[in-house]
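What follows is subunit A paired twice: with subunit B in the first complex and subunit C in the second.
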Partner chain A sequence: MSAALTLAPPVSRRLKSLAAILILLALWEVAARLFVPGVNPIIPPPSVLVTYVARHAGLLLISVQPTIVAAISGFCIGASISIVLAVIFVRFPTVEAALANSVVLLHALPMLAIIPLLVIWFGIGYTPKIIIAALATFFPVLNGALRGLRSSERSTLELMHILDAHWLQTLTKVKIPFALPYIFAGLKIAAPQAVLGATVAEWIGSRSGLGSQILIALLNYDVPLLWACMVACALLAATGFCLILLIEYLVIGRRSEPLREED
Partner chain B sequence: MAMAEIGAPAAASRSGAYRFALRWGSPIFVLLIILAWQAATTLWQIPIYILPKPTDLVTGFVRNAGMLSRGWGITVLEASAGFIIGNVVSIAVAFLVTWSPTARAGIMPLALAIKSVPMVAITPLITLMVGFGHSTVVTVAAVVCFFPTLVNVSRGLKAAPRSQVELFRILDANPWQLFWKLRLPYALPYLFTALRITAPAAIGGTMLAEYVASNAGLGYLIQDSYTQFRFVLVWQVVIVATLTTLAAYLTVAHFERRLLARHRK
Partner chain C sequence: MSDVSIVLEGVSKTFVDGANRVHAVERVDLAIARGEFVALIGPSGCGKSTVLRMLGDLESPSTGSVTIDGVSPGEIRKRRQIGMVFQEANLLPWRSVYDNIALPLEIAGKSAVPGARSIDDLLELVGLKDFRDALPWQLSGGMRQRVAIARALVLNPKVLLLDEPFGALDEITRNRLNIDLLKIWTEVGITAVLVTHSISEAVLMSDRIFVMSPRPATITTTIPVTLPRPRTAQMQRAPEFFDLVARTGEALYRPFETEAA
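Let's look at the complex of A and B:
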């Protein structure tokens, strides 16, 4: 009985938000049909979109696949580099001091601007996309990992010191376990960013993928395709986020506090 | 653009080497890179389309100064307009959302849903709705600014501790005093966090939109120079854009430090 009582609120809330979404979709359908008439309206009703996606599922799948590959490889590369760099920074503060401002400068590089350069160097294909996705992943994860590696309990660190532990032992036994929630918080910010980076890179540096499909849709004034690509892009970003959430749950068994927007 | 953690333990470790590295590390690093770049391009005679020499870039600056400054001016104007519009609207919505639970229930889920759609996907759609040109670019920049500010400011408006709010109530403060003397000072750091995120983001969004939906500005210049194989110009735009982004961030950070310092007094 008490279990049912405690379970009741989330279920009803979930039902409520589901109802809200359905109402919103219905409103959109009606409003689009009433106010945005025409053969190829800028805001098509959801039913048109659904039938479009059903009819063109093959095209969408073909264009989504390269983006997924680029985003995942870039994400893994960027995350590994930034975690290793964070460990180096925490072990050797002088290195961090020397590189700190350069890293911030690198962060100020506009993604859009370096894509043409990457295309000149590596040609059209996967390499520019992966590098951009890795760059987009790099900063949130570095930030989370640095904060996490510095968040170990002082008493535990002192204990390791008294026990004459090697710094590698301290790292693997204390610092990394303490850092995990922060690293995952960084990864959760980074996963959608990697999708975004890969898609932008495809605008310029690719003939395949969601990004180039978006541009093609825009240039051909293919509004349903544009909407479908937009939804696919959002779904990819959300899936990346949820995947990290799942891995986090498997690794540390609970959800961490999300890093705030400013981190 | 919020590297809060990098270089953070400055106060903790005060060794001479550390302070020297923090002060001079980056200038030396950048200088070394430029020297190595110049040496490598001269030594191996790397073609200009792969990697132009730094000296080429500098001499080319004079030749391309007109194009670059025109593009820069347009981008800065559009980004500023978007930054101001986006932030003002967003702050207004944050107030609405904080004071009316109904508005919160209606607006926040929608806002979060839109926020999760990457800008790359929204920009073409805005282009179709608003049309080719400056208004699209400003709209994109405003949309980019909207969400970080909404999230941060609506959090900031609730940041004042309960005990102090109750103290104000006991002292019979009117709502205006409560806001001006208590809620606003507590919300300011959150607002500035948002501004620090959105100032560089506005420039990024502007360039993104210019790339697809405009025929002026730095974003357009990237596209134009790249398709014309004017690689020196591409490099110069990269440099100008990076410095502008950095300057936007530093400007906001500067105001933040000054204003918050005054408020603490």
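Let's look at the complex of A and C:
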């Protein structure tokens, strides 16, 4: 699992994973052609799916832009707030004790119920979907950052004490670097969530973007457009994940012996 | 004993955990001369590390007083005159050897430490000149501890606290590092306190050995090590060395033997 999520898996593993995807696509193709025939099938085989996407390429390129803007803004806002909050929690345990339950409550709120409220408060447009993307990002990153900031070795913290380091020095030179892998683990979960959050918010909170396009397709019973939007949404979420993976690699680099290939 | 560096007077330490009270250290008195190398030896978990941690201001005594150069460990710590080496090297894995040794300088602010050593000299001293840009994962366990020693010395501290620094290493590596550490100690001229549970290590390294009892730890015997300096690996095969090992062992195991009888 963890090996599959690193940036550069060994060549043979990459080949295996590619082969598995090709086999799945082939099975899907055969099954769809056998059981769901027709001109615009509601479950298209991959070959037809490609034509769906191609047919709506222009529309998708336009719809995707507001979604990307909302997802990235919400992601950055949510991630920044949660990292700052995690630092405050670790520095002032009383604040954490006071706010921890509220944070869990916030996480337990159903997003679908918040969106209409946000629309009433802020009107239709970017604000509701940015807030939803930020909320989707907030919890996994806070969780990762909190665990990470507490992951420094005890003796390293004692060394900082002996050196009479200021807490800000301990934070920037020890705690945050040790927390980075945990923060990135949270960011990797959060990036696709931010895309999905923005898309869902667009159902009712926006007149532009992939989400509202999905709603239009549903109301018009436009199956090919629905599928095309779904593909675009999945690609967007996957791109977000891969982008974080790349940034993680660039920021953290190599801290331990590289994993050897198992076979 | 001309010039006294470290003094402990009637030092006791009790840890309170809810209703439990654990007496870790009981009435320890000792005085360590400037530039002396002493070893604290005792059964594991006896509280010898607690004594060392009080010197490093990582714990405070429940009763009694601890002074280094006439002031409290907290004061010495604020002057950044304590160097400590832990059992694990605890290097920062994203920093090179050079940058790990530079960490204390960064924290103190370079201008604030006129007595600071040059990192390149320290690399030479611990024999890691060719590894200055290596990352910790590329080093062996022994090399990592060498980096930790260099890091402990970079601010030119008054005392060097060694908490079983080579305890996790194999005996051959450990022996080599001990001899090298003695060379470094001679060159730097620093008061050193070593916590260990190896009798031969204590004899090889120190001027005096303080033998501690099982918990609550107190000093039962002080053994002056009469071996000449500089110490060499060969001395470990001399009859005088074996005699000292036997005497230390006798003092160390006495509490257990009377208990069994």
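Methods note: the second predicted complex is superposed on the first by the 230 of 263 C-alpha atoms of A that agree within 3 Å, B and C clash if a C-alpha of one lies under 4 Å from a C-alpha of the other, contacts with A are read in each partner's own complex, and residues count from 1 in each chain.
Throughout what follows, a contact is a pair of C-beta atoms (placed from the backbone, for glycine too) under 8 Å apart; a residue touches a chain by one contact, two chains touch by 3 or more.
Everything numeric in this text was worked out from a predicted model, so none of it was measured.
> Do subunit B and subunit C fit side by side on subunit A after the overlay, or clash?
fit
> Which partner does A:V103 reach: the first (subunit B), the second (subunit C), both, or neither?
A:V103 contacts subunit B only, not subunit C.
> Report for A:L159: first if it touches subunit B alone, second if subunit C alone, otherwise both or neither.
A:L159 sits against subunit C, while subunit B stays out of touch.
> With both complexes superposed on chain A, which partner does A:I214 reach: first (subunit B), second (subunit C), both or neither?
first
> Between subunit B and subunit C, whom does A:K173 touch in the aligned arrangement: first, second, both, or neither?
A:K173 contacts subunit C only, not subunit B.
> More subunit A residues touched by subunit B or by subunit C?
Of subunit B and subunit C, B contacts more residues of subunit A.
> In the overlay, answer first, second, both or neither for which of subunit B and subunit C A:L18 touches.
A:L18 contacts neither subunit B nor subunit C.
> Given the overlay on chain A, how many degrees, to the nearest 10, lie between subunit B and subunit C at the CA centre of subunit A?
After fitting both complexes on chain A, the angle is 90 degrees.
> Looking at the overlay, what does A:L246 touch: subunit B (first), subunit C (second), both, or neither?
After superposing on A, A:L246 lies clear of both subunit B and subunit C.
> Across all Cα pairs of subunit B and subunit C, what is the smallest distance in the superposition, given in whole Å?
Minimum over all C-alpha pairs: 10 Å.
> In the complex, go through subunit B and note every residue touching subunit A.
Contact set of subunit B toward subunit A: 1-10, 13, 15, 17-19, 21-22, 25-26, 28-30, 49-50, 109-110, 116-122, 124-125, 127-129, 148, 151-152, 155, 193-194, 196-197, 200, 203-204, 207-208, 211-212, 218-219, 222-223, 226, 231, 234-235, 237-238, 241-242, 245-246, 249.
> Which of the residues in subunit C come into contact with subunit A in the complex?
Touching subunit A from subunit C are residues 56-58, 77-78, 80, 82, 84, 86-88, 90, 92-94, 103-104, 106-108, 135, 137, 155.
> Which subunit A residues qualify as touching subunit B in the complex?
My answer: residues 17, 20, 24, 42-43, 89, 93-105, 107-114, 116-117, 120-121, 139, 142-143, 146-147, 150, 192, 195-196, 199-200, 203-204, 211, 214-215, 217-218, 221, 223, 226-227, 229-231, 233-234, 237-238, 260-263.
> Inside the complex, what are the residues of subunit A that reach subunit C?
153, 155-156, 158-165, 169, 173-174, 177, 252-257
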